[in-house]
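Each of the next two complexes has chain A plus one other chain: chain B in the first, chain C in the second.
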Partner chain A sequence: MGASWLDPHRRNRSVSDVSPLEAEVAKLIVRTLTLKVDPAQIQPEEPLFGDGLGLDSIDALELSLAISQSYGHQIRSDDPDIVATFASLRSLCRSIEKHRTK
Partner chain B sequence: MIWMALSVGRPATRALLYPICVYYLACSRQASQAIRPYLIRALGRPISWRDLYRQYHRFAATLLDSVYLLAGQGSRFDIDIQGLDLLTDRVARGRGCLLLGSHLGSFDIVRTIGLTQQDVEIKVLMYEQHMPIIRDLFRDLNPAFADSVIQTGSPNAMLQVKECLDRGGMVGILADRLVKEDQTTSCTFFGKLARFPAGTMWLASILHVPVILFFGIYRGDNRYEVHFELFAEEITIDRRHRDQEVQQWTQRYADRLEYHCRLAADNWFNFYDFWEEHQ
Partner chain C sequence: MNRAALLGLYHADRVLAWENGYSITYGRFLSDVEALADLLPEKPTVINLTDDRYRFLVGFAAALVRGQTTLLPPSRAPGALAQVAREYSNSYCLVDGTEHVEPLPSYQIPKSTGGQNDTGKVPQIPIDHPAIVAFTSGSTGNPQPHFKTWGSLVAVARSTGARLGLMSSDQMTVVATVPHQHMYGLETSIMLPIQHGMAFHVGRPLFPEDVRLALTDVPSPRMLITTPLHIRACVTTRLRLPPVECILSATAPLPRSLAKEAETLFQTRVYEVYGFTEAGSLATRRTVDENTWHVLDGITLHQESAGCSLHAPYLREPVLFPDLVSLQGPHRFMLHGRGTDLVNIGGHRSSLNDLSQKLNEIEGVQDGVFFLPDEKGTAVTRLIAFVVAPDKASEHILSALRTVIDPVFLPRPLHLVPHLPRNETGKLTREALLGLLQNLHNEERHGT
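And then the complex of A and B:
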C-alpha cells in the first residue's frame, strides 16, 4: 500500500472521458479500501498497483470480494487476463462489463 | 552438496557441516554480530562462540535435512508432533486454515507433515526472490513442493490464498520477516520494539478463517518437535481502528514467538539485525 495518492500533482490533472461505470467503480474502490482520495481524481488509465494508486495484493483481494458482491463478477486467480484486469480502473471496468451478472 | 547428501548419506554429509560452520563463524562477522543481541536476550546470559557456532550448526543441519525432506525421505526423522488434531479436526470439517510460522526452526518439516496428510491442499505464501538458487535446487528435488508456493508480490497472490482456503486447504505464512514493500507494525519482542509485517493479521481478518501457529523445532540428531497451537478461531479487525488492532494481534503473535524462542533459542534462523539497532 503505497502513498502515491498523496501526490499533490495528481489532483491538478483534468478528469476526462470517465464512463458512468468507471465513476461508480472508482467510488467502490475508495469506499472498500477507505482510501483518502477523491474518487473523481482516479485517472482511468492510471495503474492501480505499484506506482499508480499504490494498491497491493491484499487490496486486490478485498476489491475482488467487493466486485463480486456488487456486480456478481468473480475474479479468479487463474484467469489468464488477471494482470490486464487489474492494470487500471478502465481495464477493471471492461472486465466487469463483460462478466457482470447484476 | 545435494548430490552428495543423497548419494553419500546423511551422517557423512553432516560431518561436512562442522568445517562449514567453523568457516562461517570465522568469516561471517556480519551475521554473527546480528545474531548476538538475539542470543543474549533469549538465553538471558552472556554468550560465547560456542553459542554462535551452535546457531550456525542448527541452521545448516535443518537446511541439509530439507534436502532429505524434499526428496521424500521424511521417514528417516523422529518427529514428535503436538497439536495436530487442531489441523485434522478442521480439515475433516472442510475448513481452510491459515498456518502462521516463523524463522524459528524448520519450515520444511512442517510442510512435509502437511503434504503427507491425505487430501489436504497446502500452499505456502512466500517471497521467493530472496533465495532463487535454493528455490531452483528445491524445484529440481520436488516439483510438487515448488508448485505449492504462492509468490507474494503479484496482484493475484491473495486471490490464490483465498481460493485455496475456500477449497478447504491450508496456507502457510512466515510472519516474522519483512520484505521490502511490506507495511509494518512495531511490537515488543524480548523487551524491545521490532518491526513485524502488518499485512498478515489484516489478511487473516479479511479471510475469516481459523489461524493456527506452528513451530518446527530441531532438537539435534534426527529429532524434530512440531508444535501446532490455536491462535484464533477468527481474527476480527475493525477497519476504523485498523492500525491499532493489527498491532495488538501482531503483538500476540510476537509474544508466542518469544515464548517458543525461549524454549529453543538455538533454532532462531533470522541471521540479521532483527531489532534494527545498527542502522
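And then the complex of A and C:
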C-alpha cells in the first residue's frame, strides 16, 4: 500500500523537477479541496485517488470544476483516458496541457 | 392477497432504457426479467451491486417475481458490505463487474436475452412483500434495517408522479446522477419510471460534460434527477444542455439562488424532494417560489411531544422526523436543519455517533471523535476527526477507517491530539471542539 500524498506526515521531502503548471495545479488542488498539505509537497507521480486519504468522486467533481474554470478543459468520464488523467498530478497536467483553452 | 403490478402501464414497444443511443423496450425487459427469475438461486435476500441501471432493475424485478428481498447496503465500503453479509448470511450477490462480497455467492446478470415478451403478462407483486431493506446507521454502531414493502414503494412513486404532473401520454426520459442503490435514487430513477411508463438512461453521469452527453443521448422530454452538488457544477460551467423539462434535487438543501440560476440557464423547473430512509420521499417544493414543503398526497403531519410525526396509509406506524421541522398545517412544513447527530455528505448519510464509535474501535485509538465544522458557502463541508493515539500514525488510522466507513466520511483532516477537551461529565461539547480546532489553526499560523 503506497501512502497518499495527502498524508500530512510526508513532509520534508525534497521535490525536484516540478513544472510551473504542476506547481500551479498542485495549489489549485489544495485550495479547491481544502487539503491540509503544502502544495509543494505533492509528489507529481504519486496517486491522487486510492490509498490512505485518497480523493473520492465528490473531489473529482469539485476538481473538474476548478480545472474547467481555470483552464477551460471539460473533463468527462467516457474519455478513454479518464483513469490515466486522474492517476497523478503529472498526468492531470498533461491532460490539461493538451486540452486547455485558456 | 392484494397485489400491485410491476409496471404502471405496459406497451411492449415502448422504450424503457437507453444505452449508448440504443433502446431497450418494456417487452424485452419483461422477457429479461422472466429469464433471470428462472436462474436465481433459492435464497430469501439479495445484494444487487450492479452499476448499470437497467441490469439493476432486471435483477430487482426478478427478485420480486421470486418473492425475494433486495438489500441496499449503507455503503460500498468493504466493511459495510461484510457486515450486511454477516447479518444476512443466506444471501447472494448480483453483479455486472468483478465485485465480490465474501463469503456470498455472486451471479453475473447476463446481457439482455434479446427476446420479446409478447404475452404482455405483467408480474403482479403482493403489496405487503418486503421488496427492499434500506439501512440507516444507528447510534449503536450497527446499521438499522428498514423494510420497505412493495406497496409502499408503489404508493410513493405514484404520489410523486402525481405531484410532478407526469402524464403517461407524454413519455419522459430520466437521466440520474444518483446511485440506484440508495433510497432516493431507487425511488426516483427506478420506481418512478416503471410506475409511469417512463424511460431512463442506464448510466450515472458524474461530471457536467457527462450530464450533457447523457441528456443529449436520450429523446425529449427529459428529467434530470440529481443533487445540489451536480446542479452547482452544471451552473458554474455554464453548461449548454439540451431542453430539460424538470430537474429533481435531493440529499442536501438547494440554495434558492442556485435553483433560480439553474431555472434560467436551463429553461427548466427545479423541484426539491425531501425524504429520509424510514419514510421514503415524502414532500416536494418548487424551490424558486416555495419556502415550505408540501407533503405528497395521502401523508398527514402531526405535532407530538417528541417532535413532528408523519402518517401514511403505507407506513405501519407514524414516523418521527429526524430533522428539525415546524408544521404549517397538516400538509406543509418548514425545514430548520438537520438533526445535530446526522451528517449528509454528497447524499451519503451517517451519524457522528456511529462514525465516532467506529473510530474508537480501531486498535491503538484511545479516544476519538468526529466533528462537522460550520458550513461555509456552498462548497461541500467535510468531517474532521480528533484522535488520541500516541503510538499510531494518522496514515494507519485512516487506512483502518477506510475499511469500515464510506470514503466521503473520511476525516479531512484527521488531527492527532494529546487529549480531547471532555468536560467533567465526560462530554464533548461542540463549543469545546470548535475551540480545539481554533487552537490548532492558531498553532499552524504561528508555525509551532
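In this section, the second predicted complex is superposed on the first by the 91 of 102 C-alpha atoms of A that agree within 3 Å, B and C clash if a C-alpha of one lies under 4 Å from a C-alpha of the other, contacts with A are read in each partner's own complex, and residues count from 1 in each chain.
The working rule: a residue touches a chain if its C-beta (ideal position, glycine included) is under 8 Å from a C-beta of that chain, and two chains touch if they have at least 3 such contacts.
Given the structure is predicted, the values throughout are model-derived calculations rather than measurements.
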Touching partner for A:86 - first (chain B), second (chain C), both, neither: first
When both partners are placed on the shared chain, which of chain B and chain C touches more of chain A: C
Partner chain(s) touched by A:61 [first = chain B, second = chain C, both, neither]: both
First, second, both or neither for A:34, with chain B first and chain C second: both
Touching partner for A:20 - first (chain B), second (chain C), both, neither: neither
Partner chain in contact with A:77 - chain B first, chain C second, else both or neither: both
Touching partner for A:69 - first (chain B), second (chain C), both, neither: second
Footprint overlap on chain A, comparing chain B with chain C: 1, 34, 56-58, 60-62, 64-65, 75-77
Contacting residues of chain B [partner chain A, same complex]: 152-163, 181, 183, 199, 202-203, 206, 239
Touch list for chain C against partner chain A, complex: 205-210, 213, 229-230, 233, 236-237, 345-346, 379-380, 382, 393-395, 398-399, 402, 407-408, 410, 412-414
Contact set on chain A toward chain B in their complex: 1, 34, 48-49, 55-58, 60-62, 64-65, 75-77, 82-83, 86
Touching residues (chain side chain A, partner chain C) in the complex: 1, 3, 7-9, 33-36, 51-54, 56-58, 60-62, 64-65, 68-69, 74-78
